[in-house]
Each structure stands twice: as structure tokens, then as C-alpha cells.
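We call the chains A, B, C and D, going by the order they appear; numbering starts again at 1 in every chain.
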Amino acid sequence: MCGIVGVYCDDDSFTSRIAYYALFSLQHRGQESAGISISGEDFKVYKGMGLVNEVFDDKTLSRLRGNSAIGHVRYSTTGESKLENAQPLFVKSKSGSISVAHNGNLVNYRELRRELESDGRVFLTDSDTEVIAHLLSSYLLKNEIEEALALLTEKLCGSFTLALLLNHMVVGYRDPMGFKPLCVGKLENGYILASESCAIDSVGGELVRDVKPGEAVIIEDGELRFERIAESNQKAICVFEYIYFARPDSIIDGRSVYSVRFDIGRTLAKENPVEVDIISPVPDSGTTSSIGYAYESGIPYIEALIKNRYVGRTFIMPGQRSRELSVQLKMNALKENVRGRKVLLIDDSIVRGTTSRRIVDLVRKAGAKEVHFRVGSPPIISPCYFGIDMSTREELIASSKTVEDIRKAINADSLAYLSLKGLIKSVRIDEEDLCLACLTSDYPVEVPGEICLRCSARA
Amino acid sequence: MCGIVGVYCDDDSFTSRIAYYALFSLQHRGQESAGISISGEDFKVYKGMGLVNEVFDDKTLSRLRGNSAIGHVRYSTTGESKLENAQPLFVKSKSGSISVAHNGNLVNYRELRRELESDGRVFLTDSDTEVIAHLLSSYLLKNEIEEALALLTEKLCGSFTLALLLNHMVVGYRDPMGFKPLCVGKLENGYILASESCAIDSVGGELVRDVKPGEAVIIEDGELRFERIAESNQKAICVFEYIYFARPDSIIDGRSVYSVRFDIGRTLAKENPVEVDIISPVPDSGTTSSIGYAYESGIPYIEALIKNRYVGRTFIMPGQRSRELSVQLKMNALKENVRGRKVLLIDDSIVRGTTSRRIVDLVRKAGAKEVHFRVGSPPIISPCYFGIDMSTREELIASSKTVEDIRKAINADSLAYLSLKGLIKSVRIDEEDLCLACLTSDYPVEVPGEICLRCSARA
Amino acid sequence: MCGIVGVYCDDDSFTSRIAYYALFSLQHRGQESAGISISGEDFKVYKGMGLVNEVFDDKTLSRLRGNSAIGHVRYSTTGESKLENAQPLFVKSKSGSISVAHNGNLVNYRELRRELESDGRVFLTDSDTEVIAHLLSSYLLKNEIEEALALLTEKLCGSFTLALLLNHMVVGYRDPMGFKPLCVGKLENGYILASESCAIDSVGGELVRDVKPGEAVIIEDGELRFERIAESNQKAICVFEYIYFARPDSIIDGRSVYSVRFDIGRTLAKENPVEVDIISPVPDSGTTSSIGYAYESGIPYIEALIKNRYVGRTFIMPGQRSRELSVQLKMNALKENVRGRKVLLIDDSIVRGTTSRRIVDLVRKAGAKEVHFRVGSPPIISPCYFGIDMSTREELIASSKTVEDIRKAINADSLAYLSLKGLIKSVRIDEEDLCLACLTSDYPVEVPGEICLRCSARA
Amino acid sequence: MCGIVGVYCDDDSFTSRIAYYALFSLQHRGQESAGISISGEDFKVYKGMGLVNEVFDDKTLSRLRGNSAIGHVRYSTTGESKLENAQPLFVKSKSGSISVAHNGNLVNYRELRRELESDGRVFLTDSDTEVIAHLLSSYLLKNEIEEALALLTEKLCGSFTLALLLNHMVVGYRDPMGFKPLCVGKLENGYILASESCAIDSVGGELVRDVKPGEAVIIEDGELRFERIAESNQKAICVFEYIYFARPDSIIDGRSVYSVRFDIGRTLAKENPVEVDIISPVPDSGTTSSIGYAYESGIPYIEALIKNRYVGRTFIMPGQRSRELSVQLKMNALKENVRGRKVLLIDDSIVRGTTSRRIVDLVRKAGAKEVHFRVGSPPIISPCYFGIDMSTREELIASSKTVEDIRKAINADSLAYLSLKGLIKSVRIDEEDLCLACLTSDYPVEVPGEICLRCSARA
């Protein structure tokens, strides 16, 4: 759960600004830290904790001159929130300056690190990105970038979409499974790579196309080329980007995220109709599917809940009373809209169920006659090992409870999930090209302690 | 354009937290500064520049102990953004500690200040709130609070809704015209006053009722009483609170803000129907009226635009290219939703028209066949002198242009405003009890250089 | 215990820099806060907590443009360390902008404030400087500055050396007793007023002369004039400026501070000879008098103690062991210099005696055969009410103990103080023109609860 | 020019405090950054830019729990002032956690780094300390610490006094030449290693002895042992520690720094007598030798110059006038002491001569009849490559000018330097055991581009 960008711009005073704006558009992918590496007369890295606009100001961006840059916004999946883990990582090597921005998660990180340590290598961070930098440095000793990426691909297991800055060269790379997205845009006087197309829009660029799984995009001396690095016999595109994570105005692997969510809502309406007076999203995650559901069903779309636009940044104070207050702080029910009515609430997913329960109670307390709940995805039953921060299996309510049990737990009058088939139909990508592990427990690569059906199949 | 609160709580370690949460819910009313005054064993004031959660942390709140408190969030109407202008203002006087939080604007501020200065008085800030503190101190020398407020009311001209902390006493007061709102809530173990009822909801309180124009609410020794201070022959409730300013989940003077906006949308649909494929809000200001319009017209509500949730806090860099980029940063058009379609955009109001133009162009560029525009209020033709930050008359596009000229200026295929009658009907408050000056140029109190029809009538 | 400056400079971009450098040279007079008021096209005030170079940077100084300025460094005499108490104080009044920087202490502050409050006046700070601003504003309503200062002098009781900025006019004033110093310097293209002449030296100016007690210096339209405001029948120049407080390179009321301290050392040697191997100061307060003692006695000046140059800014951590460590942190004994020797330590004064005890022990522990102690002032027996931060009477060791008792308490082999006569001889100012209250209990103005011999005399 | 410490303490809540206090006492060795690594239940590093008391506060120290710690204060010898260069450096390796604090400079740093890079290694900083960490990690793969240090010694060329924290083990090591000092102290419940003995005094410890060149001190499981790691046929103890760098209250390699400087002053008086009225130090660097000169010559020690105690931390503003002012800001001449007198100024050394010139002018302008200058060291003619920040040869005034030329350049009536013989006599360490390269151009190890007489001898 991170966002990455790469930029080449003829005007070396504008490159860092483009990277800044692009990262700003990817802020939803990570709020913990932000950073930019840039290569001009010298090589500079600037990063800090916090939001993009907290880390950078005009003065800082003015100092970051150069034609080539990469950037990163980080979402902390571990509890550790430290500046040293902020990206891009920057190292100096025999081949010169190497900067790495990484979106994904290496399943064999510990193993790789142990191997490198046995060689006397030392590590300054706890991030799997440092392992990537070490390997890349070794491979680049005797190889061009294409071959080095191929060697890296053989070594790494897990998800890794990368933006690299190698001296003046900008490189984007997507692992052969293609877990996490990456796309390329054309600027008036340069190119941009980004996790999502909304970043390209935000800087006035044109989407060229998605980088394919196993493909690299290389910008050298102002020229862009695509290179196939590794065969991609089997893809594993993360379905959760469509369900929840990506911005609705992005187009990922050819599919509009808004359209997918709208279709999810329509499919949900067909699969699980319900007689209610109004349809309301759980804001903001359920908005688009609610609009789709209302469109399909003809039932009025009227909000039952209002979200405090500033809430994302508050801290919750210790103590029981404070915790109770915290629910009310984030959302408020609209009494006039729900009083005496049958209300359908729609959300994109249910993880632990505790928030859903509080929301249902809020709407009931505001006077709703009935509160129904629909979910824009099948039940989440297994953890993600490829970069999405879900709970452990113990915390996933659907890993141990039936739908009826969950309905009771969240205190809804009725509850229904989207079917897996309905989801795939809405996404409109072949089932075998999607990673659905969190919904099916079927992991596309071997994860210690988890069953990997496809691996078995391959074996 | 500020938010104020007053709190009395039996548990002196919780008072500042309630004030904090309440201010947090009123954050939309002012983002420049925040502050809390509290009266316990001693009298403390803490204020700072920035958002409520930037100014306060748990440690600070823990130190602010006492049973009585008032708070303030400030929206800077002048260019001057200085800590010394942050509220609540706190002074010491013969009558003890006086702290003032003010929502409104004094039309005769300069005159009053000159008068006080002629007496040798000195001023440490440029705020009209300091004038209020001076007068209050003088009146309290020989009078009880009720009489002091009555004397103050005779002296002040303009809008003034106040939260006062006088030693241990919490006082709320609304000027006889009642421009800006104030309501009272009951807590489990205390009371709360707030600009909007959403703040009462946020701390789990129950709305008791609105404070009436000319009425004071006084909390002394844990007892709350209402006192009529001044006759209110003629009210001037700000209609813009309903149109734009207040949070949709608030109830102001008995009317749900969401319902008013929803009805505005419905009325607009009846007054100005249009044949389109989809209805989309200009996010977020046009959301509720769009839902109402869609409800009334039966045309699908599908978003044409997505707003970057983080954009509120960004800075825009200097330079032409940066300014152009800034439009794209705030919003993105959803190509798949608008391509080849007739789109109706709805916003709450048009001030200068430049943003509306950019949004229409964005939707056109994304492929819309036609772009129509509807506005949830009549044209704004006159500036506000009572606390809403509108442009000067020169900048108000509707002050000099016809609707057809504005349509051309914003490049829409059609444009229509809500009628004044339609607005009043949607608000459901008697016309004579509303301040409609920005829409009619008819000011409820005399403003130098402006015509005051009602004053003439009274004279 | 504060430092004040006033500057007039033809070059409006240099005025604030001169004030900055001058304040920097007066840093020893106050480390809590620093501020500058400047009058150019508009009137600006900038102040902050901390050292001069922490509060100001080049950017800030560049923005403070104007020809006239005053500045202040504050030493907190109360425990309260708040920005609102930082000076210069700035108010707006009928007569325009008034900014006040004050060195001194008003004995009748409470009384004056009560009087003003009875008139309905309000106060935003707890500082006696705000009372001065109120009175000044009132007097300036109908009077020129000279008359206003005369009226102020009649009203105020205590010590008050002032730097004022009244619109574009810079004014320096010293109360008729002349407690705290003020001198005037000539710059290449302007004038400077400062608490001490070292500030004039630091900006390359020439000392013109001291401002006399009861005299004002007024800089208006680039012209400087002296004005006698009040008769000064009886002076009370603070002797502690010479003993401890002022910088040794300053000349105050015609006397070099270094020379006074050197002479104190010589006199001490004559009054209280002792047979020792080396003479060492308690650094840094005893340095100059030790050099004088060594000069007079012919005994070698060799340091027994080294002070950590960075220690002034450290914090001492809680806990007994930390407190013990803190002594060692500030100073270290030079074993090689004291081992087996008779050592004479000289300090400027003894307040509570605890530090002196620790220092004597430190030197003993380092191997000294004998440790003798000499003090460059008579015993301090009474508190100061005019601006020097001494302990209350209970804490002054000499207020209740004999010299022999003190010798035992600090564990010295012998102890002697300078005689009052010896002090006066060293200062070379007439006894009746000095304030010696802390050494004699004879207060020059009436202090509630203290005996005022001179007042009695006058009565 | 850095300071290092190592601490073992039985009380794990006190270890970081001891390290803090010790670093505080070594603050003169580096003001750019400070840091502590500590090993308890886990391994923590905390470092920051600025002074020790700016980087650490009580809360931070409370969180740093453990029995073993090392610390570092850094003086920036390069222009680059970055957090990433702050020490201790911390890496994770096969052998566990390795933290390194380094005082010295590696002459073959570039070469070693290139060698490691050829192996694919990557570097995150520009510091030679990272090279040490890499090598140490490799050597520890198969060796105990003693052997690893021996291997390291064979590899490194230059000066390297180290404090290491290897998991729970604290190690101090001094290269076989012994350029930079290191000593060991005994605490009530533990041990301390430090660059200078003043740090041991500051925490109430007892100096055990200096670590010898080529010797390591290892604290493991609370037990301390010394280990000889490398033969030390030829030492090169930095003479500048005695002349200028170390604190006067430290004892280095058995010699009191104060005594050395005092003896330098006495020797100078014998070698270069002069007929003057007063002897004054250039504060603070010339203080001790001035006292020694006065002692030997019998001429009165009276200060001609006063230093502003706060000046160390100021910034100097751009512009010619500001630069001129800056001289006056740092020091002021005492007119009464120098007027009409013959003055002898003594400083520890002259580097570029510009400051000496300004000081002489200052004293002349204050009225001195004659100004003579004596220097407590021979002329500095060659740069230091082992950690002392001197100018390049071009900037060293004595590298190209005769003493008479220098006298003219600094505008003194007479000028004399201490002889090399006089210096060695004062230090009382065998000439062959000292590094005198900056005074003789005879480098103890081969430096590219410099002549190494001893190497030649060895060859």
C-alpha cells in the first residue's frame, strides 16, 4: 500500500514539481511519509514524515533540480513509523547512484537478507527495499539494467512494482504477476510513471498505457522504451485496488475503477434486492457502489450519514468515554433522512465488523425503522501478504463466522455480500489473472504457512 | 464565519475534551486558528494557528482543567493571519476574568473603537472582539450580566453571537437580529452551547433548542437558564448558513440543513428542468442539492467529478503552469461517466465564476456532449457585512452580468439559478425573518454606503 | 533585570540589524525572551521566547524595515514564562502606536492596576509594562511627550528605565532615582540608546553619555535632544550592576565596570589578606576581582576551576543522583593546580550559599590543603524590589547568619566579605547616590513591609 | 574532531543519562550533531543535529533503557551538515547489531570504499564510519572481536579511535599510532570510556587510565578487560589536543592539559620576553598560556578583551557592514585597561591571521600604545589529515609567510611563536611519540601528495 512515481522532464526546474503534484494525487495510497529523489547536476533525496504537502514546500522543490526523478508515498504496514523507513531509498554503489521506490511486499525478505548478511553485508533499515538495492547493485556490476531486472525477478518472491533512478535513468518495473499497478503517461515535455492514472491526469498528462506484468519501462536521454523482462505466464492483479484501494477516477489495467464499483453496486442490487425507503453509502468507501445500487434498483439515493471532512487527521484520546465519542466524531446520522424509514447501508467490505456495528447502531439510534447492510465484495477470509494492510486471520470476522453470525454481530436487519462471480463479472478481468487470495485463500505464490493452490498445480 | 462553543461539565478533567471535540465538529466554520478558555482553580487560555487537532494534543487538554470553558475556531476574513487575532480573547478586569468568543462582524467597530480610544484606552489587537471585551468590562462594573448584555446590545451594530466565560460563568448570547446561529445541548453531566447542533451530536449530547435572537443562555453553578435580553422585533437569520456554510447534519433554527438543501434541489428541478443523461454535483458543495434534483427528476445521479480528499491543505506554487495544474489537482473528471453524455452539474452558488468555468471545461474535455449548470441559490449580487466572506461587489459576477452573460462566461450549454421564492420555500422560514441581503441588496441594518430598506421603513 | 535598546538609523534596512546586534550584546541581561518593535511604512513587532539569535533570523530582520526601533531582552523574575509577557509591548491608542520596553519594577503596580480597572479598563497581560502603556496613552491624549513623562513619573513608584517608540519617535527615559542604567551612542548614520555601553561598542558606535536620572532622550525626525523631565534630588543607582550584573566592558554612569571589579579585588586584598599559594576565581563571576586581588597581593592567579562553556543551556534531570551530577557538569576542579596547595577562591557575592559550599567541596576533594573564600561585596541581607532577582529574605544566608556561621556552612577555612566602605570606595560614586538596599535594608523608596529610612527622613 | 563515549551501568535506567552527561562534557569536541546507541531489551539509536541538550530531553533519555551504550558528538569537517552523517552509525549484520562511534579520519577511505563497492556493496552515507562498519561486519563473521580489530587495523590507514556497541558488548579501541585520545573511568556501578577525562569527572567517576595506542578495552557482562590488539612501534599522539582542542581540565596520556598550556606560557615568556604593561589572553583560547606567561614574567595579568559569552551561537548576516560588525560582536576591548599602555596579547595559534589582525586593531583602537603578540605554538605550516579541521595549505598564513611578514599582516608591534623544542618540553612527551605534522610537514603515515619522512625511514 504505497504510491510510486517516476518523472522525466526537459525543464529541470519543473521535474520535482511534477513529482510533487503526482505524489499529491496518490496521497490516498500512503500518508505516513513522502519523498523524492532527483538526478541533475548532483543526486538529491528529500523525504520526511507526514503528508506530501507537509514534507515539501516551494523552497525545497526549487532546490530539487534535475531532469529525472522518482517519488514515493508510504503507508506503514508495520507499527514502526520511522524516517529511516521512508522512501525512496538512496545508495551509492560501483554503478553510481541507485534510488529505489517500492510498492509491494517480498515474501522471502528474511531469507534474502540472511543470505546477504552471510556475506558480511550490513543493513541500515528494516525495509525490504534495502534488500532490493543490495541485489540490484550486485547485478548491475556486470549487467545492463534489463538483465539486472531479470536476475532480480528470479531472486525475489512476492509483489514488487518499482520506480528506480539509476544515475540519470528512470526505470519502472512491474513484477511478472503484476500484483500492483503501474502506468505510463506522456507530458508536454517529458514522461511520467505512476501507480495510478489519476496522477497522470493531475499533471495534465495523457495516459499512454499500463505497464504490463513482467515489463519494464526505461527513460534514458529523454527517450522512453518498453522492455519485456520476464515471462508472465500467470498474472495476479490485486482485486482490492478495484474494490477499495485505488482512486475512483483511475483506470487500472484498462478498467475504470469508478465503473467497476458502479457495476458492483448494480450486481449487488440484482443479486441481493431488498425493500427499503432509501439507499445510503457508508461514506466514503461505499459511495460509488451505492450510486450503482440505486441506479439499478430505482430506490432513492439519500444519505443517512455525514462524514466530518477533517476527521482523517484527528487523534483519539485515551479513555473509554473518548473512544465512544470517537465514533460520533467521524460520522453523524441524518435524523430527518432516516427517521421512521427502512435504510439500506452499503460499504465496500467488512474487515473486523466493529465499525460496521457502530454505524448500524448510529442509524438505528437516529430513528431508522430497519437497517439493512450490503457489502460490495465477497467475505474477506484470508490475510494479504502482498502489500494490502488487512488484519491477521484472527481479526477477520468472516474467517470464522457465517454471514448470519456477522449479521447479528453488526446488528443489521439483513446482510448480504457480493458473490465472487458477481465481483469478477463487475471487474471484467479474467479470473485467472486476478489475485483473489484474501477472498479465496488461494495464494498465487507460495507463502509459508498458507496453501498455494496454483503452486500445487504448477508442481 | 467562525465557530463557537461553551461547555459546563461536572467532571473537570473532561470539560476541555468536550470543547475540543465540539470545535473539531465545527472545523468547517474556520481553519485558521483554534482556542479554548477554561475556568477551574485558575483561568487558562490556550490557542494556536491551524486546525483544531494541530493546536491541541492530549497533554495540552489534560492541563486545561475546570468545569467551565468556551472555545473558538476562526476563519480569517481579513488577509491578516496572526496569533494575536486568535480567539477566545482573554482579559482581566475589575469584575475578574473575561473571555470572549465571537461569531459575527460589527458594522460600527471603527466608531466604537475611536470612542474608547478618546478615553485613553489602548488596544492590543485589531479585532472587534477586543472592543466587545472593553465595553463588557465597563458595563459589568455596576451591572449584572443580563443588564450588561442589554447595554452591549444597544451599543453594537452588526452581527454578534457570543460565547463568554466570566470567571466561572458560561454565557451564550445571540444578537436580536439572530444573524448567526447558536444552540444548546444537554450532556450526561453538563451542558454545551455551540454554533451548530452537529457539535452537540459529536459529543453524544441531546439538542435542547436553539437560542432565540435577543436571548441569552447562562450556566452558573451547574444550572442553566435562558434570559430574554433584548426585544427582537425583526430577525435576520443568515440564509447562507443553509445554502452553503453549515454542515448538512446540523439543525438550525428548527430546520435540518440537509433537508433544506435537498428541497432546494427538488425545487430547482421543478423550476428549471433540463433533458440530460446524468446529474452530478460539483463536489462537495453541490452534493445534497444534486441528490434532491435527481430524486425529483428521476434522472440518474452519477458523479462526473472526483475531488482529491487531501486537497484542502495543499499550497499552490507560483507560476502560470502551476496555476493551471492546480485545477486538476483539486478535481478530476470521470471520463467513462461523461463521455458522449449530456451532463448536468449542480453547485450551491457562483461567486466569481472562474472555478465554475474551469469545472465545465474539465467535464467538456473529458468528452461530455453537453454540460448544463444549475445553481442552488439566486444570484449573489451584494457583499455581506455580517461575517460571511464573499468578494467585494466588483468580484461578484452576478452583480454586473445577466444570467445569459454568466452562462457564456462559464461556457455552459444552459444555466439556471434557483428563484428567491423557491429558496424561501425550501428554507421554510418567513421571508422577513431571513437576511437575504447578498441576494437582494436589502440590508437589515444600516451599512455605510449601502441602502437599508428596512431602516428606511423603520425611520 | 532586562536589557533595552532604542535605535534611529537613516538606512531603514539596517535599523533592525542594529537593534538585533545591540540586543545580542545585552543577552546577559535576559535570556527568556527577545523582541523588536519598528516603525517604518507600518508598525511591526516581532518577539519570541529564547535567546536573541533563536528568536530572530536574517529573513525576519529583513522584513522589519523602518528608521526607528526599540528592543528588549527579558529576564523572567517571576516563574511565569509566557510569550504574552515578552516585550516590547505594543498598543494602539488615540495618539497612534505606542510600544514600550521596560527595565525595572513598579512597587505600586497592583494599586495602579486596580485604579485603572475601576474605570472599566481591561488587561491582557500580567506585566507592569501594560500599566505604563495605559497611563502613557491617557497622558498623551492632551500632552506632549515631555509632559506625559512628567505625569507618568508622578504616578509611578519604583524603578523604570524605558525605551519607547511612539509612532516614529524614539524615546529613552530614566526615572529620577536612576536605578537602572541607560546611555546614548552616536552611529555613523543615526543614534542608539542602550542599557549598557557594550551594546554601543558592538555596533561600532561612540558613547555620547549616560542619560541622567530624571532625564529623557528624544529622537524625532533624525534629531536627538535631551530633556530634563523630573527633578532628581536623590539618586539610587543600583550597586549590583557594578558588582555582578553588567558586562565588565560597559561604562555605567561614568565608571568602567571592569575597573570597579578590579578595584574591589584590590580593596578586598587590602582589607582581608590571606596566606595562600594560588588565587582562583569562581568562574565567571569572580574573575575580575580575582585578577585585582592577585595584582594587589602578588600571589599567583592560577585557576582552580574550569567551567563548561555550554552549561548555561542544559537542563537538569530529576532525581537525586542527577542533582549531584549537575554540580560536576557546570565546573570541574583542576587537580594539578590545587593538589597540596592553599587555595583562595573569590566570588562576587553569596546568595544562598549552597553553590559556594559545593564549589569549596569540589576543590577540597581535588586535593587542596586549605580553601579560603573572599567575597567581592558585603553580605546581602535584604531582597531587591527594583528589578534584581534575589531570593526572598528567608533564602538569603546572610540575613540570619553571622560570617562565621556562613564560613562553617560553606566549609571554608576562612571567609571574608568586602566592607560597605570598601565597596563604595571601589565604585567611586557618592554613597547617597547609590541604592544599597540589599546590603543595608535601607530602601530608597517606600516598599510595603520594609523600612524606608530615606522616606522617614523626607517625612 | 569529535567526541566519543562508551558506558556500562548496572542500573539500566541510568546508562543513557551517564552517556548524556559525558557527551555534554565533550561538547567542545563537536557541536554539529549528537547521538546515543543503547542496548537493552532491544537496540535503540537516537541522534539529531545540534547541541547535546538540544538533541536530548528527559523523555528521550527515559526511553533509552539498557546497560550498555555508546555516544558521539560530531564536529563537521566537511561543509556537509546532514543528519545521515550523525553518529553513532548503526547497522544490522550476521553478527547482530553493530554501532560505531568514530573519532579520526581514514586516509585510505576512498580506496577502501571502492574495494567494497566492487563487491556489489552499497553505501547510504558519505562517512568513513560506514566503511568501518562494513569491514567490521565481515571480520566478525568468523572472528572474535580481538581478531576482528586486528584485521581492521591492518586495513585502515589514518586515525581511528572507536567506541563500539556490539550487541551488549561495549568496546573502545585506539589505533596503534594513538592519534586521538581515549581513557577509561570507573563508576560506582559501572564503567565509562571517553575521549577526555573531563567526561569521567563530570559523572563522578574515577580515571582508571588512558587506553594505550593499539589497545582495546572491552566491557562484557559487566566485566572490563584491556586487550593488546596491535603493536605500536611508533606513536603519533596529536599535539594539538594539548595546544588547543582538549578541555584544560582533562588529563591526556598522563599529562594535564592545563599544566601543558601553563608551561607553554612560561616557556614562551622565557623564549620571548617583552617589555609590556599588561598581559592579556585572546579569550578564551589564550587564557591558560597567558596566566603562565604572567606567572613567569611577573607582568600583571589584566584582560584587554571581553568575550560575549553568547556569541558562539550567533549567525552573521550577509553584507559588508554586517561582517565588520561581527568582529565587535564577539569581543570588546576594555578601553580603561589598555589606554596608553603597552599590551601583550597571547593566543594558542594563528591559522589564517585575519582574526588576529582584527583583534590587534581592536586593542589599538581602544587606545593601546603598543600591541605585542605571542603564540603558544610554532607556526602551522601543513594541513592535518587525521581529524583536526585546519585550513588547506593555501589558507595557512605560516605556510608561505615569514614571522616578520605575519607580524606586519596582523599589525603587531612584535610577534613571536613558541619554538618546537619549547613546545615538546612543555608537553613532556617524547618527540617521536607525538604527531607534529602540522608544524613540521612530517606525516606519521603516508598521505597521498604529502611527504612522509617516517614512512621513508621505515621503507
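We adopt the following convention: a contact is a pair of C-beta atoms (placed from the backbone, for glycine too) under 8 Å apart; a residue touches a chain by one contact, two chains touch by 3 or more.
Treat the numbers as computed from the prediction; the structure is a model and nothing was measured.
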Please give the intersection of the contact partners of chain B with those of chain C.
-> none
CA centre of chain A versus CA centre of chain B: separation in Å?
-> 36
Chain A and chain D: spacing of chain centres that average the CA atoms, whole Å | 51
Report, in whole Å, the distance between the mean C-alpha point of chain A and the mean C-alpha point of chain C.
-> 63
Chain B residues touching 2+ other chains are none
Is the way these chains touch best called a line, a ring, a star, complete, or other?
-> ring
Chains touch one another in the pairs A-B, A-D, B-C, C-D
Name, in rising order, each residue of chain C that touches chain B in their complex.
-> 89-94, 98, 114, 117-118, 120-124, 126, 133-134, 137-138, 141
Residue ranges of chain B in contact with chain A within the complex | 14, 17, 21, 24-25, 27-28, 51-53, 57-58, 61, 198, 201-204, 247-249, 251, 256, 258-259, 262, 284, 288, 291, 294-295, 300-303, 306, 308-315, 317-318, 321-322, 324-325, 328-329, 332-337
